[in-house]
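Chain nomenclature is as follows: A, B, C, D, E, F, G and H, assigned in order of appearance, with residue numbering initiated at 1 for each chain independently.
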Amino acid sequence: GELRLDLGRYSRCGVPEVIYGPGKRPDQIVEAFELLARSQQPALATRLTPDQAEALLMAFPAATVNSLARTVSLGSLPRHERTVCVVTAGTSDRPVAEEAAETARWLGAPVELICDVGVAGPQRLLAELPRLRQAAVVVVVAGMEAALPSAVAGWVAVPVIAVPTSVGYGANFGGLAAVLSMLNSCAANVTVVNIDAGFKGGYVAGLIARPHEPMRAGN
Amino acid sequence: GELRLDLGRYSRCGVPEVIYGPGKRPDQIVEAFELLARSQQPALATRLTPDQAEALLMAFPAATVNSLARTVSLGSLPRHERTVCVVTAGTSDRPVAEEAAETARWLGAPVELICDVGVAGPQRLLAELPRLRQAAVVVVVAGMEAALPSAVAGWVAVPVIAVPTSVGYGANFGGLAAVLSMLNSCAANVTVVNIDAGFKGGYVAGLIARPHEPMRAGN
Amino acid sequence: GELRLDLGRYSRCGVPEVIYGPGKRPDQIVEAFELLARSQQPALATRLTPDQAEALLMAFPAATVNSLARTVSLGSLPRHERTVCVVTAGTSDRPVAEEAAETARWLGAPVELICDVGVAGPQRLLAELPRLRQAAVVVVVAGMEAALPSAVAGWVAVPVIAVPTSVGYGANFGGLAAVLSMLNSCAANVTVVNIDAGFKGGYVAGLIARPHEPMRAGN
Amino acid sequence: GELRLDLGRYSRCGVPEVIYGPGKRPDQIVEAFELLARSQQPALATRLTPDQAEALLMAFPAATVNSLARTVSLGSLPRHERTVCVVTAGTSDRPVAEEAAETARWLGAPVELICDVGVAGPQRLLAELPRLRQAAVVVVVAGMEAALPSAVAGWVAVPVIAVPTSVGYGANFGGLAAVLSMLNSCAANVTVVNIDAGFKGGYVAGLIARPHEPMRAGN
Amino acid sequence: GELRLDLGRYSRCGVPEVIYGPGKRPDQIVEAFELLARSQQPALATRLTPDQAEALLMAFPAATVNSLARTVSLGSLPRHERTVCVVTAGTSDRPVAEEAAETARWLGAPVELICDVGVAGPQRLLAELPRLRQAAVVVVVAGMEAALPSAVAGWVAVPVIAVPTSVGYGANFGGLAAVLSMLNSCAANVTVVNIDAGFKGGYVAGLIARPHEPMRAGN
Amino acid sequence: GELRLDLGRYSRCGVPEVIYGPGKRPDQIVEAFELLARSQQPALATRLTPDQAEALLMAFPAATVNSLARTVSLGSLPRHERTVCVVTAGTSDRPVAEEAAETARWLGAPVELICDVGVAGPQRLLAELPRLRQAAVVVVVAGMEAALPSAVAGWVAVPVIAVPTSVGYGANFGGLAAVLSMLNSCAANVTVVNIDAGFKGGYVAGLIARPHEPMRAGN
Amino acid sequence: GELRLDLGRYSRCGVPEVIYGPGKRPDQIVEAFELLARSQQPALATRLTPDQAEALLMAFPAATVNSLARTVSLGSLPRHERTVCVVTAGTSDRPVAEEAAETARWLGAPVELICDVGVAGPQRLLAELPRLRQAAVVVVVAGMEAALPSAVAGWVAVPVIAVPTSVGYGANFGGLAAVLSMLNSCAANVTVVNIDAGFKGGYVAGLIARPHEPMRAGN
Amino acid sequence: GELRLDLGRYSRCGVPEVIYGPGKRPDQIVEAFELLARSQQPALATRLTPDQAEALLMAFPAATVNSLARTVSLGSLPRHERTVCVVTAGTSDRPVAEEAAETARWLGAPVELICDVGVAGPQRLLAELPRLRQAAVVVVVAGMEAALPSAVAGWVAVPVIAVPTSVGYGANFGGLAAVLSMLNSCAANVTVVNIDAGFKGGYVAGLIARPHEPMRAGN
């Protein structure tokens, strides 16, 4: 195999290596899933083209495809009860949110999705506060001026993972406006990942949500 | 005189030329006020050093000094009843907000100041909605991630003039984060002026607030 | 419905939510228009693809299509007599100007369009001053160095909404040069919206132009 | 009082409002501490000048001063046993690391500080792995090219909060190189806060480290 | 001598090497003037501190000091009759304009200075058109949005050398807004030099203004 | 006609308005040429698509097409004897150089083209010095690090117009590296136009090269 | 021939001119190879399209094609024994690494390729240390946060040539994050070339690896 | 001791850890030198304040101070005969060049310094070619447009290490123009280090110049 798959990551980092699709041939990705399956590790691949996804599904008919998220997963980490809440500002942030949700689910968390509650219609967020405040951690996905993470953070007692998106135009400069906005959040409980990095947002949220005891054991 | 003061601006633009302090000697600024006074025009100077302000006060004991705003004014345009509301996100945005307030007052508007209602403590803004919704126009002054203008804009039926400030540190890059955020506001009623430009925010708000009839006449 | 349409925006902000086309399926946009129509609200959609526009026209044969502006509207807010003047610097700024004009018209304003009066041919603007000075508010659409808003602002007594465009090449950096230029305007009555945001320019201009009395009532 | 202190933040967000020093008079900060003390809330102030710190110490002799961190605290949130590990790349990153450590301690966590283990001397990090892998969460403070968070993240099964610093010169552009590097980390468990924002790094780490049960109750 | 003065530049480039002050000791600058004087070349030094200027004046009492321009010159190139016109937008652009004027004069050109004719007061430029249109070349010095070069260029049949200045604040980003604006001028006869580079503006203008015949000889 | 062609530009600026192709329909461009022809003005259009060029050639069989330069011209300004020299650094800078050459020729100048003399092969430029030093003005077209204008400027006694190109990759950032390099040239006789703006480089060079006497008359 | 090939570069710089493919017709590239072959110089062409590569192979059946690297070479410089080690962080950095390897081989060096040893799986690099430490010089190819060059540099006693790639997304801004990261490396033995410039990385490594004696002779 | 000095770097990387002055107390730096001296390693400290340098000199009277370079060294690595040539463009680049020279000397190389040969006076570099072409490696130190590395690289058969400086003003943006220019050099033998990083330039040059045999042994 041409890939140097990091099979030790599950024991070292508590999560198996996740396959990043761009630049890999479908057969390489299938091979990676086979290696993981053979060593009893759950598998996840992200940013897949339809061709890559199809090849995986052919080889692993039991795999789960999320075409909006552009992910395929096989198995998952142990499931628990601490919810990850994924919130989006607008309709176009949905694919990034799906990638975050899919990743958090694969890490074992129940996921709540709250869509389209951007600050321009502020009563929408207020109406969702009860659901939001149940979460063990919140992922907020937003583009344009990305005001939503700060607005959410002011209402919850848990970490907020802000995922900037490239949604918007003009002076958004491909997500620069959103990522700068989030880094400068006046709310103390906000951290930030890369632009359009739903995967990372869901991953860190998944780690935070995991019950403490099993993790200790997993170390 | 070394200054080419634009004395025709009052008739042409409905407001006299405002004196911008930086780079001018105190005697030059006093001379500008004298020229305006002699031609019966109200006067305003901004971004003054203490020395410049003092020289103006010596020459015009009736002038109004606002040391937080760093302005001096003499007279004002005709007063009316349509309120300009100036809102700040945090304590450090105050000086820019004062400059905006002072300018709008000089243009004839009653001014309401609502301070320290940033989104990290969202119930603070909700408590001020009744006062906010009286205004003919709202000026929102915010630094860091500048989420407040979008949050305010979602609650009002009037234009929101967003004034980014250089308040913050690190990835605020001197106000860049705030100005990009505001330009990308998902709220349709938000427009933006330069970083720390309280003067401009107050000026445009003052123009918008003016009753229509007198303006027509003034054209 | 997958969309969380903000039907309360008309009463809260005095204007119904406007539909932003990118990333939405034609049937989603048609559904949004249906919801607005059912609750007696005028409707506007922007940045439409030909497919989206066609779907709307099929469902609402009475709708108005502006293919240059890429908008479709159904009904409008109450019409009044205070003019919005939309000015362009060059021929290529036209589509953005059309979007601004279409939005202002939908908000109820009569619109005057003055095209191709960039500063390289300064006598063209001088010839249009009488028309320009009738307006209750001016929208200036310009790319490249975006000198026109300052040039216009020096001749009028009303707010100037500057809309930077991505027209140009090289060191325009997709509209960055224009938006920085406009933010730094030495004219006090200039505010700025996002690059290519004709919609926002027309929206704010439409709000400013509205007669004061009805607005009060609308609050 | 001129400050609109957000006294409800403790119950709403599980942590009292933290006082940000810049731009506040010493007496304003003392007043804020008094308000917090009176309502039985622990207090923390950051980015203090020596004058501000001294005023606090005069008024509250029981307060804890950390002059490297530029913080003063009074009381703390309930202490627990889950460790926050703060790691620095170089000697000059120490003040930011101290701010992070002080904040995490105030939130109730035991803190381990591992200094000066940048990647140019890779055996230093390897030697600290046992201590590092005990932590419930890791804060990595690094300037220049900020390679350390990725290097640390590859060895642990918990979230890594990366704090970029402005340490370095030239093409670091005040921390821009570090923050971009961290946002692009190829390790999935890395999130990022603002440049030099030791406070935020420590805050989020403190939230993550908190035992789950008390938090539920605190909601 | 520590300096490698380029004494051949006069014959090679038609103008002697000009001394750039920053980073040189006063005695080094005096020595450079001595070398030039000894080889019969006129001398010019720019961006001088008061100490450097004084040392030059002590050594060369016949030298010309312009303290606004921060230049000292000794002799000049052959004088001719083709005028360089230097135009400024605002009062604060004056020092850069003086440096340009001083350099053009030293290159032999008569200089006309037209100050404070920024586009916010457009009738000021219109009033100066007759004087402006006499020039063989125009240097336009402007900060903030730098609209003036395009406005001037539309009225003249000669090259316009645009000198951006760092005058302004906020989103001027130290002159970035002005230099981008000028590079994107829609007027075809505009070229640009570095920010605050009055020297370069005056130098190129001086070269352009020189009568053709003597230059040919000088080659 | 939809175009507001500036027919007064010839008398005002000494050169007719040049037609900029992008965003115009072929028939609009043909109409512009007809207007110019009818008023006895030479015509030039730039940045043409093959379709636009063909439409012009159909309507004006006497027109001159340069497909590398993407220009079409009809007639020219009065021819003279003062040469414009256009120099390129590498093979890929050729199209921009052709646009410059075509524009200068249309303005009446004889043009010398010296290609592919970038500094990586320094003997190539040295070999061309005699030809280079005949020119009345030099246009240097270069991408990547754009060292050539400074290297050329050190050998000539005339203005150098530097045209940055977007040639290169990676950290050239679409020509940003080249334009910054040129603005910072340590040679005093270098001015700069927009990235890829061969038209502007050739235009200003053409203005500078024009004999003085006819210009005076043309004013 | 239209190309001004620098045939003296072999004797002047110790390596023949390398042909850069973009913007050249296949026949021009074949002609360049013919010129080099005729003067007994080895030839290399980079960044070739399939068409360009095929034309070369038709004309020179003995040429070596590397389609991943997009290079074609004919002959090579004298081979020696000092190894160039090329290291990549991830799978997608492979094409840039191949270009580096191919260039170093053509310069005469044996090349070792170590792939996919990014810092997220740190044990992978540790396992390769023995091979890595044999090299006379190391080329490290990395995108995203580009932490690998610093990590490698801490283990070797030779220069490290860092080649940033545009691999990644979002806040990598086309390789900007990687190049800034590398320039700020805290390891003293790291130098940097352009983004995606495998050619340059391999070239400088090839120069460094060359045995000293032959080079002297080649001067 | 508070510093975690990397005493193994000499054996691992062939050069002892170099002390970076900023942010360290004088006694900390003295302690570092003592640790190095005690383990028989030569010592170098860079970017020292006068106080830091004095403390070192008091403790180690045999140390070598270079106040222009702001370095102090004690002993050196084994001396050899392969020259490092350090070239500067202008007078103000001297301190950075001295830091490079001092570092290369400490690494054992003889150093030739060639100053003030920027491209604006091109005959100066031509006159130094014989000296330049003796070097085993060349360090080129340049600010502003940084054309010199490409110009030098075209004449030599060895690697060129380009050190950008922050010398200049305006659109140099603190050295950004220089570093971008150098990264885009059309000469294949140019690599780049951080802005003002004379230390790094001298370090890599010193590594390259070292005779091969001793290095092998040192591995």
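We adopt the following convention: a contact is a pair of C-beta atoms (placed from the backbone, for glycine too) under 8 Å apart; a residue touches a chain by one contact, two chains touch by 3 or more.
The shown structure was predicted, so the numbers you read here are calculated from the model rather than taken from an experiment.
Asks: Chains shared as neighbours by chain D and chain E?
Replies: The shared contacts of chain D and chain E, listed by label, come to B, H.
Asks: Distance from the CA centroid of chain E to that of chain H, rounded to the nearest Å?
Replies: Centres of chain E and chain H (C-alpha means) sit 36 Å apart.
Asks: Report the inter-centroid distance (CA atoms only) between chain B and chain C in whole Å.
Replies: 25
Asks: In whole angstrom, how far does the Cα centroid of chain A sit from the Cα centroid of chain H?
Replies: Roughly 45 Å separates the two chain centres.
Asks: With chain centres defined as C-alpha means, what is the inter-centre distance between chain A and chain F in Å?
Replies: 52
Asks: Give the residues of chain C touching no fewer than two other chains, as numbers and ranges.
Replies: Within chain C, residues 12, 90, 120-121, 153-155, 170-173, 176, 179, 183-184, 188, 194-195 contact more than one other chain.
Asks: According to the definition already given, which pairs of chains are in contact?
Replies: Those chain pairs satisfying the definition are A-B, A-C, A-D, A-G, B-C, B-D, B-E, C-E, C-F, D-G, D-H, E-F, E-H, F-G, F-H, G-H.
Asks: Can you check the complex and tell me which residues of chain D touch chain B?
Replies: 2-4, 6, 8-9, 12, 17, 20, 22-24, 28, 164, 166, 174-176, 179, 194-197
Asks: Show me the residue ranges of chain E that touch chain C in the complex, using the header's touch definition.
Replies: The contact residues of chain E facing chain C are 89-90, 118-122, 144-147, 150-151, 153-155, 168, 170-173, 176-178, 180-188.
Asks: What residues on chain G touch chain A, complex-wise?
Replies: Residue list for chain G touching chain A: 90-92, 115-117, 120-121, 123-124, 167, 169-173.
Asks: For chain G, which residues count as touching chain H in their complex?
Replies: It comes out as residues 12-15, 18, 82, 133, 136, 153-159, 161, 179, 183-184, 188-195, 199-200, 203-204, 207-208, 211-212, 215, 218-219.
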